[in-house]
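Let me give you the structure first, and then I'll get to my questions.
Here the chain labels run A, B and C in written order, and each chain numbers its own residues starting at 1.
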Amino acid sequence: MNEYFTPGDFLVLKPVILLVLFGMGVMLTDLLLEKHNKYFNAVTALVGVGFASVAMWMIQSQMNRDGAGVYEAFRGAIVLDSFSIFFTWIFLISTAITIIISIRYLEIEEENHGEHYAIILFATAGMILLATGMDLITLFVSLELMVISIYILTGFLKRDRRSNEAALKYLLLGAFSSGILAYGMSLLYGISNSTNLVEIQSKLAQRPAGDPLVMMAVVTLAAGLFFKIGAVPFHQWLPDVYEGAPHPTTAFMSVGPKAAAFALFLRIFMVPLGPVRDQWLPLLIGVSIATMTLGNLAAISQSNIKRLLGYSAISHVGYLMLGLVSGNDTGLKGISIYLLVYAFMNLGAFTVIVAMRRRDLIGDEIDDMAGLMYKSPTAAVLMVIFLLSLAGIPPTAGFLGKYFIFLSLLETGHYTLAVIAVLYVAVALYYYFRIVSVMFMREPIDKELPSMSPGIRVALGVTAAMTLIIGIYPNPFIEFANRTVLAVMR
Amino acid sequence: MVPISYFLVLAAILFVLGVAGFLFKRNIVTIFMSIELMLNAVNLTFVALSYHLRELNGQIFVFFVMVVAAAEAAVGLAIIITVFKHRESLNVDNVDLMKL
Amino acid sequence: MIGGDYVPSNYIPVVIFIVIATLFPIVTLLVAKLVRPSTPEPDKLGPYECGIDPQMESRGRYTVRYYIIAILFVIFDVETIFLFPWAVQFKVLGLFGLIEMLVFLGILIVGYVWVYKKGALEWV
């Protein structure tokens, strides 16, 4: 039709377009629905995720037929490689699970508006774009699409003061970090005269070592990205937001958006900032040690389980960053597998917490889980599996992610870091087992059973099965992650 | 002709002022305005660089930054209103149900 | 349109305008203060010399409705930022640009329909 875009460009974006269309569809059909059949919105949203998955599957199989390996669209602003495909699957799975665990929860909270599902779909579209974007403009806009959606989801319980407060804190700190990130991007643009990540990479490689402008760009970009992934010293928002947000939203943002932020983190550090690795490596090592230390030590003293998992999420960020510190094949493979596994085990753990929300019990204190063994043995046993996996004990999947990351540290000679990381696993075991002991050793505080709706049962089944399958038979997943690494190292 | 460095230094000063406002002000709306100031400093940097480098992508970035700032402001105002309804105060020190 | 030779002298009228605009109120107020007789009385110092005395601070609260209108304004106002370059380059962008812009406006219209149906535009 003209020289700007080809129809093929839009085919690459088909999953995103479908998600946005279904999101708008949910908003419009919600206007026609009566109060008692609001669950229909969730069904529409799930169908949307299904369509997007089918579209993604078709693109992937076409890619295999062509033997292309990479699809570029919109003049290199969108790049669909195995890295973005891998992350897209993580996003689609976590979105689907979040939708099915939200249905009952929102009914109990009496906030079952259709917008919840529409905004989840918009956030997912932003996440997929974030993993496929190769241009600073695309990345910035899709990042904001994702985080602004999550601000709204965090404050979704309008009558709950903690939800309001969490949304406010997240919004202020998130907007602040976006500002810093945008400033870093403007410096990169000034250095390289381009917004394309690959071009920036080649321009940056020509700069003399120790260029102050490059240093400033690295520091501002790193600060903005550390905020988004929740690394120390920019982690303060994370426990508050995890505690205040509605349970399914906490589950969602601890998995999908976190993986998306990490995809952005990897892309920025590997592609445009790749040539100046010497300059950011010490910074990254320091931050990852601080993140593991603070996350693990602060988690010990928490009484609120969402807050505890928030601090544990911070410590997982520390482990994930170690994979980038070693920066070789094994490390990057470790990050990919870790994020995939983390999606299942963390969603599983949060699904149990969502089930704890009963008529008049918010269910986010550790004490609320007392005697879960006697009330719902299945939920209690599955929770143990998820917690073991989070701690990284074989044969659960969590072990696999940690294994590759520690292996990569040994391969690159970071022995001290490896020792520190292994020691913190012991600390993590201690605080995860506090939850286990409350579930098994203590008497129940009330008679009311956890609300095990069909959606929650399905979510628990899927996440637990995947946590065990990846742990016991990891080969296909390792193969999948291997291809991801090749795309990033390209 | 005004050298490019003037614009960049001005933008850097504005950015730092925005950061300082974010850190030291206690009124939520003022904090929000500080963030807008930061984003506008980014815009100024982009426009100045785009003009200097004779490359248009920087100006396009500015469009998107402005749109994002507007979306953030809209969501932010909505959240501020709900917080205000519950607390009758716009001082961030009063928003302390959950300790950091 | 990007030209390197940037001549600050084009801005001299603006500087002159700013100087005059600052001086004018200062000079008028000074002259008035020197010329007018000064006889302060309580009635004169009130906001209205006749009529109802003010009941409370004028800086009271606005109803929340104003904020909702403001929020909607902020969102729908920014769309012009994208319409403007399209309008300037309409002939170059051609049919493709038109379709693209219709898609963009379509998304906004979905938002508008939603806002309208939710009753956010009704002034109760």
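As a working rule, a residue touches a chain if its C-beta (ideal position, glycine included) is under 8 Å from a C-beta of that chain, and two chains touch if they have at least 3 such contacts.
Every value quoted in this text rests on a predicted model; they were computed, and no experiment measured them.
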Other chains in touch with both chain A and chain B
C
Looking at B-C and A-C, which pair shares more C-beta contacts?
B-C
What is the distance in Å between the mean C-alpha positions of chain A and chain B?
26
Can you check how far apart chain B and chain C are, centre to centre, with Cα atoms defining each centre and the answer in Å?
19
Rounded to the nearest Å, the gap separating the Cα centres of chain A and chain C is 40
Contacts with two or more other chains occur in chain C at residues none
Out of chain B, which residues touch more than one other chain, so two or more?
67, 71
Residues on chain C engaged by chain B in the complex (per definition of touch):
2, 4-8, 64, 67, 70-72, 74-75, 77-78, 81-82, 85
Chain B - residues contacting chain A, complex:
8, 15, 18-19, 22, 28, 31-32, 35, 38-39, 41-42, 45-46, 49, 53, 55, 57-58, 60-61, 64-65, 67-68, 71-72, 75-76, 79-80, 82-83, 86-87, 92, 95, 97-98, 100
Chain C to chain A touching residues, read off their complex:
94-96, 107, 110, 113-114, 117-118
Any idea which chain A residues touch chain C in the complex?
1-2, 4-5, 20, 24, 27-28, 31
Residues of chain B that touch chain C when the two form their complex
1-2, 50-51, 54, 56, 63, 66-67, 70-71, 73-74, 77-78, 81, 85
